[in-house]
Each structure stands twice: as structure tokens, then as C-alpha cells.
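Take a look at the structure set out below.
Chains here go by letter, A, B, C and D, matching the order in which they are written, and residues are numbered from 1 within each.
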Amino acid sequence: MIEKLSNAQIAWRAAQDIADGAYVNLGIGFPEMVAKFQPPGREAIFHTENGILNFGEAPPEGEEDWDLINAGKKAVTLKPGASFFHHADSFAMVRGGHLDVAILGAYEVAETGDLANWSTGPQGIPAVGGAMDLVHGAKRVAVITDHVTRDGKPKLVKACSLPLTGVACVTRVYTSLAVIDIENARFVLREKLACMSLDELQALTGAELLVQGTIGELIVPEL
Amino acid sequence: MIEKLSNAQIAWRAAQDIADGAYVNLGIGFPEMVAKFQPPGREAIFHTENGILNFGEAPPEGEEDWDLINAGKKAVTLKPGASFFHHADSFAMVRGGHLDVAILGAYEVAETGDLANWSTGPQGIPAVGGAMDLVHGAKRVAVITDHVTRDGKPKLVKACSLPLTGVACVTRVYTSLAVIDIENARFVLREKLACMSLDELQALTGAELLVQGTIGELIVPEL
Amino acid sequence: MDKTVADPASAVADIADGMSIMIGGFGGSGAPIELIHALIDRFHATGSPKNLTIINNNAGNGRIGIAAMIDAGMVATMVCSFPRSADPRAFTEKYLAGEIALELVPQGTLAERIRAGGAGIPAFYTPTSYGTDLAKGKPTAEFDGRMYVQERWLKADVAIIKAELADRMGNLTYRKAGRNFSPLMAAAANVTIVQARQIVEPGNIDPEQVITPGLYVTRVVEVADAQQEEALMRAGVAYA
Amino acid sequence: MDKTVADPASAVADIADGMSIMIGGFGGSGAPIELIHALIDRFHATGSPKNLTIINNNAGNGRIGIAAMIDAGMVATMVCSFPRSADPRAFTEKYLAGEIALELVPQGTLAERIRAGGAGIPAFYTPTSYGTDLAKGKPTAEFDGRMYVQERWLKADVAIIKAELADRMGNLTYRKAGRNFSPLMAAAANVTIVQARQIVEPGNIDPEQVITPGLYVTRVVEVADAQQEEALMRAGVAYA
């Protein structure tokens, strides 16, 4: 049994690639966790779609200000140098390419960079939020995700079967097993867990993993 | 010799049609004069393209603040309830139909409502400013002008000979001799100086003046 | 010039059956609860307004605010980006029963369409949604080698929003992230109705700090101790 | 994060031949005179930068600021709405001699094109200029029975602008109508260079009052006693 990374560990790994001074949007839910793992000495500035730049952690329970929330409707705080702006200005930042990184969750990522993360199909209530804007805005669009579904099916696929969030938008995927870049519409394996062979990883991946040069070891602390 | 209205008198007449509480943009130059003749008890709010709403008169000489100017680059003051905004927001007000009245000067106005007021032809330096935006934004676009050119040629014409500022945009013209509406691509005479016959006025006008009902007398105080 | 009115009921008195209403707020942040509840009160008393199209980022939460409008049966169509919430049952039940229509719009496109409505821009191109189900049927075009979707402006009969300070000419400031869609909606509606925490005299808001200039505002009502949707929801309040 | 630099010369040191530069200001209001003059100083010392495309509402006044850049022969193309001024001789002489190109853009379209450049909107439709010479060659389209002109976004290599307060993260406020095009340009350029009257620590500008968030700003230089173009012009100053 391979010991895959926990969500916190995936988030930690993604956080290591955020440069000092980067402007970053973290999707609601699991991606929000990335903020906790900023390397010491680096200062990322977090953007939330509902009009705040440079927000910080959640306030203590009972001290929430419900006019000061993030896109996930969770209470946040402000850091020095924060600003407020309206929704059109907020998405001008997104769509205009002013964010350095957006990190999103995924149902499926295709080797073409297509992302499906907003709809599991025609049943249920569709809800898209800001995901379709984020995938076409940030300079780098990364996904954090378990490598496979709960049923063990690949989430990294040749072509998405679910409704798309965006076409050819994802450039890096951090999974519970590997770090994979998307280049020229192919998955390029950058890092994998040492305890796992390339063949084992390939068997859990729905499209071919290219190897270019050495494959790094995916090393993440206990969290 | 007909005693035509002075520019101040034309501006006075135009000012009488500005309702209490109206949001108004006055073109640079002659139209700026309209602000001086607001009827007592009425409060118009003046907009300038460079990002001020509710500005007031010029400050005393020597007390100018050159960051507080109007579109004509003249120093102005603020009234209580003023606001500043950037140029895109300023023209959103214009283009979005949020101004009640824009009053502009003219080289020519056609009976179709076409306006030419920005270019006298290919020679010289072309300069358009905000005129092309204003004619497609305000709920009511009015022109103030001498009835004829310095050479005595009609400025109210069947079709403009000079480069257009906008097509079918003017709805009322205040001239030195008359007040004329543009309706269904025709000039409709509303008021004229009492000292002048309809035939005399028609002779100075480049397209037919329709009469609908009574023609009011254009009465303006000495100014 | 005095745009103030006495109470929420008179502020929203002319909202009629079949109108489209932009409602400010993102979740509970900036939601004009008292104006919404004044509409619900009138509906219960008179049967109007109903058959409304509501434009908001979300589709209500719990049993207050927009959710309570939906529960009451006032809403025919929701235009929103994210009709989910901590407690989405009001919308979910009506939607699954086929009793409410949904126009789902990506959040940035929703904001930009409303901004375009206020700014006199009838259409614009965005990369957002290109190649997805939400772009189906929309014109597309290539600019500089990249594909874009044409989106249309969005306007409404009425906007109801919440401000922090207002002066009697309608100049507004907002509170923190409560700003969100409200300045855009104020510009995109024929009639803009504002509840403000405090109404001050003109001149008492610094002209540099006005976010919504008064020309976008039709009327203003002071609601000093406004309720907060999130707090009501967490307290389990149902407005009916 | 510290975006401050020591002086105007180092702030503009990487502006190179052939670049497009958006320059904030409307007439003298908000014009970043010290940054412009730093560019002129470098041109006189080194012959660079030249062959520039300058985007501004106007085309200079008197013999200072943009007019002095034109006089010096640094400017190949002006993109503006109104190349007239109290003393327009710098532009006028070069234009009539065929030594400078002019792209004339209606003022609201200029603002919206720059806004679109910053907002990732490659094209939009406006009623402005429909049926006029300035719409020639541009696509048109009908929406809801009215005709509109398609306009493209406008971006630049560099923006140089003037702010009132800046913090070292680049958050900005402006002074009165000096705001004009600057917030738009800050978002539409690859590199945004700011001269601010005062640089403060992050946290010393109220987040509600930030007009340009720091993510649009590349570097900031404090110019405490900035010169005013209009005052210089009236004093007959020539910068060379």
C-alpha cells in the first residue's frame, strides 16, 4: 500500500512554488489550505474574488465580521497593505492577468490542460462561481488534487468527461502522488513519491506521463 | 438689422430648460457659460469628463489648484456632495446614459440630428476630446450656437458638410435667433425672436423649419 | 436635492410584478436585508411583487433574505454564479421542482456584464467560459490568436443595495468587502434603492472616498442597525 | 515587499527605445513631471529612450513634460484625444512637419480601451464615433436596434503616473482630479512606475481608500515637492 500525501501535504508542496511577493488566488475549499504553508520569509499576497487583496487568516471564533469574508464566505482578517474593490475591479485583476498564481481543485484534468471542476453532470444544482474566470486569468494556473477519485479512477485523463471549466488552462498539477507539468498538451512528470515506481504511477494516470530528464523525489514533511 | 441674442443670452435660454436636480455636462468653451444662468431655486449637478461630479465656479485668481480643473483645463471649485472618479468611470456615466443633459457647441447641425463640432477639415490638428462620447450618452443632447456662421451661412443644415461628431444625436438647438427641436429628422421651430418673421428665419436656415402649433416668443433678459 | 425616504417599505414601494432586481451582496456581506424583507412584507400583505427576476451572485442562504423571497414564491428566475450556500434549501427545492429558472453566469462575467450595463457597453469579449457549456450559443471571435466569447450587458429595472454612509444626494461608501457588486448594480439599474447605515449631509463624505456617486442613486433610507444575513442564518432565523 | 526606489532616474532606468508609454494626467492635473523629466535627462545624456509611443489624453503643453519630450525628438507617435492646449507648439510643429504620428481616439473610448487592456477584455462595443471618420475601418454591429463600433483594448510596455500616497507595497491614492487616467494605465501596462508625494508604511492607507491596489504597481519613488505642469507652463519654463 502506497502512503499517498494528505491534502495538507499536497497544499504544502504547492505552497513551496509560490514566490516571495506573488499575488495568489486560492480556490474555495481545499486550495484555501495552501495559505497555511507559505515558506518562512516569503510574503504572498492573497486575492479573493469578492474584493479583497492581502487578507489573512480567519479571526478567532466569535470575532467574525461578516462583511469581511473570502470567496468561500469564511470570515478573514486583513494584513497591513490590504485593499477593497468592487467585483468588476476584482475580476479585472483576474482576467487581466495580474495574478501570478491561481490554485484550484479539480474533478478531472486533461493532458491538454483542460480542467473540469465545476459540474458533475446534469443532475443537481450547477454552480460555477469564479472558477471559469480564474483559469483564464492568472499567469500560472495550478491544480491540487488527489491523484485518483475515491473509486480509484484516474483524475488525470486524456480528455475530460465532465463539463469543462476551461480549455488548455492548467500548467501544473500537484497530486497526492506526483507533481506533473502540462506542456505542449502532454503530462510531463516532474516529481513522484519515492516509494512508487513510474509504472505504478502510470497505471493510476489516464494519459501517458512523459519523462524529461530526471524525475525529482516528491518530499513533503509530516503535517 | 435684427438684434440677435448674445452668447450669454443663448446660454441663459438653454439654462432655463435644465430641471432641478439634473446631472449636466457642459462642453468646453461657450457651453460652460450655461452654468452661470441656473434659475434661482434650481440645483443642477455638473459633471466634467476628467472625473468630477458637482464642481462649482472658478476660484479667485491666484487660488487655483491645478489638480482641480474641468475638461477645459480651467480651475474649478467643489460643492458639497462632490465626488472624484477615474476616466473610465467618468465616461461610464456619459456613455451609460446617466447624464440628463449635455450641451455642446456646433459648427453644423443637420435636420437629422447629426452634429459636426470637432473638425473643420483635413488641414490643422484634429482634436476630438470627449465630444463623440457625450453625444451618445446624455439623455438629452442640446446644442448652443449662433444661428449662422461669421460669413452669414446657415449652421442648421440639411446635411453636415464637415466631419461628423455623431449621427442623429442632437434633439434641441438654442441659437441666437430661435429654439429648434429635432424630431423625426426634421427641424421643428419652437421659439423665435419676435422681431423676426418666419420667412426671415427660414432664409437663414439651411433646411425647412416645421411649425407645429404655436411658435413661442424667444424672450431673454438683458445680460 | 434630497433622495432620502422614511423607511424601507416606502423605499421599495414601486417595485412591481415581473421586474428584474439586482440585489447587492456576496453571501451575507453587503446584503440589504431590511429592503428585501420590506418586499417580502408587501408580498404577504398584497400578493405583490411576484414573478421577479433576481440578479445576485448567490441564490440565498437559510430562510432569510433572498432565500425567504424564494420560499415565499416571489422569484421566477435567478441570475447568479453560485446557487449554493451553507443552507441552500430554498433555491434547491424550487429548482428541483421546476418552479424557478436559473441563468448561471461565471462570476467575473456576471460582474463585467453588470458593469457594461452601467457603462453603455452593449457587448464585450472575454476568455471566460470559452469552450465550455456556458458559452453555448454565444458568438465567439479570435483576437491576437486567442479565442473569446461575446457577452452582453446586463441591466435591471431596480437595484437594491446596502451602503455604509450616504449623503442626501446619494453619494455612497461601503463597508469592507460589503462593496462587492453594489457599485456596479447601482449603475446598471433604472432605479437604485439604497439602505445606508447612516445618512449624512452633503460635504460630510470626502469626495476622494465616494465609491458610488449620487447620480446613480434614486433613493436612500437609513437603517442604522441593519441585520446581517450570515448572523441571522447562523441563529436559525426564518423570515416569513 | 518593498517597491520603493531611490530617485526618478532609477525608477525609469529600464524604459527603452521603441516602447509604448502610458503617461497619467489630464493636462497638468496628475502629470508625473519628475518622471518625464528623468526620461528627458537620460535621452540628453545617452540618446535613449527614443522612438517612443506616448499614450496620454493630450499632447503636451508649453515646453515642459510631454511637450518637452516631443521637442527633444523622443516621441514617434502620440495616441491621444485632444492634441491641443494653451501652448501646443511642440506637437503642432512636429505634426505639421510630418515628424510625429497621431492616433486620435475619442476620450471615453481611450479611457475604456485602456480599462479593457487592464481588465483582459480584448474588444468591446461602444456607440461612440459610430458614423464618423474615427470609426472608419472598424467593425460595427447592431445590438437592440442601435449601431455600435468595435474597439480594441490598449496596453503599453510602461505606465508612468503620479500618486498622492503610496505604501511600499504599491497601494496608491490620488489627489483630486489628478486621478483621471492613472488607475486605468496602472493596470494596462507591463511595468507601472509611480511618483508619489509621500511613501508610507503598509497599513497607513485605509484599505477602503486605496484606489490602485499594489498588484498593479512595479515601483514607487517619492517626489515630495512635485512640480505642476500648469504652473510651469504659466511661468514660461522650458525643460531641455
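Here, a contact is a pair of C-beta atoms (placed from the backbone, for glycine too) under 8 Å apart; a residue touches a chain by one contact, two chains touch by 3 or more.
Worth saying up front: this structure is predicted, and the values here are computed from it rather than measured.
Novice: Just to be sure I understand: going only through chains that touch, what's the smallest number of steps from subunit A to subunit B?
Specialist: The distance in steps between these two chains is 2.
Novice: So using the touch definition from the top, which pair is joined by more C-beta contacts, B-C or A-C?
Specialist: A-C
Novice: Can you check how far apart subunit A and subunit D are, centre to centre, with Cα atoms defining each centre and the answer in Å?
Specialist: 36
Novice: CA centre of subunit B versus CA centre of subunit D: separation in Å?
Specialist: 30
Novice: So which stretches of subunit D touch two or more other chains?
Specialist: If we look for residues of subunit D contacting two or more partner chains, we find 112, 115, 119-121, 126-127, 174, 176, 207-208.
Novice: At least two partner chains per residue is the criterion; list those residues in subunit A.
Specialist: In subunit A, the residues touching two or more other chains are 52, 84-85, 88, 91, 94-95, 136-137.
Novice: Which pairs of chains touch each other?
Specialist: A-C, A-D, B-C, B-D, C-D
Novice: Spell out the residues on subunit D that touch subunit A in their complex, using ranges where they run on.
Specialist: 1, 115, 117-121, 167, 169, 171, 187, 201-203, 205, 207-208, 210, 213-216
Novice: Can you list the subunit C residues touching subunit A in their complex?
Specialist: Going through subunit C, the ones touching subunit A are 26-30, 57, 81-86, 88, 91-92, 95-96, 102, 104-112, 114-115, 126-134, 174-184, 211, 228-231.
Novice: Could you pull out which subunit B residues touch subunit C in their complex?
Specialist: 20-21, 23, 43, 45, 47, 52-54, 78-85, 88, 91-99, 136-137
Novice: Quick check: in the complex, which residue numbers of subunit A touch subunit C?
Specialist: Against subunit C, the touching part of subunit A is residues 48-52, 64-69, 73, 84-88, 90-91, 94-95, 114, 119, 125-133, 136-137, 163-167.
Novice: Touching subunit D in the complex: which residues of subunit C?
Specialist: Those in contact with subunit D are residues 112, 116, 119-127, 141, 143-144, 146, 148, 152, 173-174, 176, 207-209.
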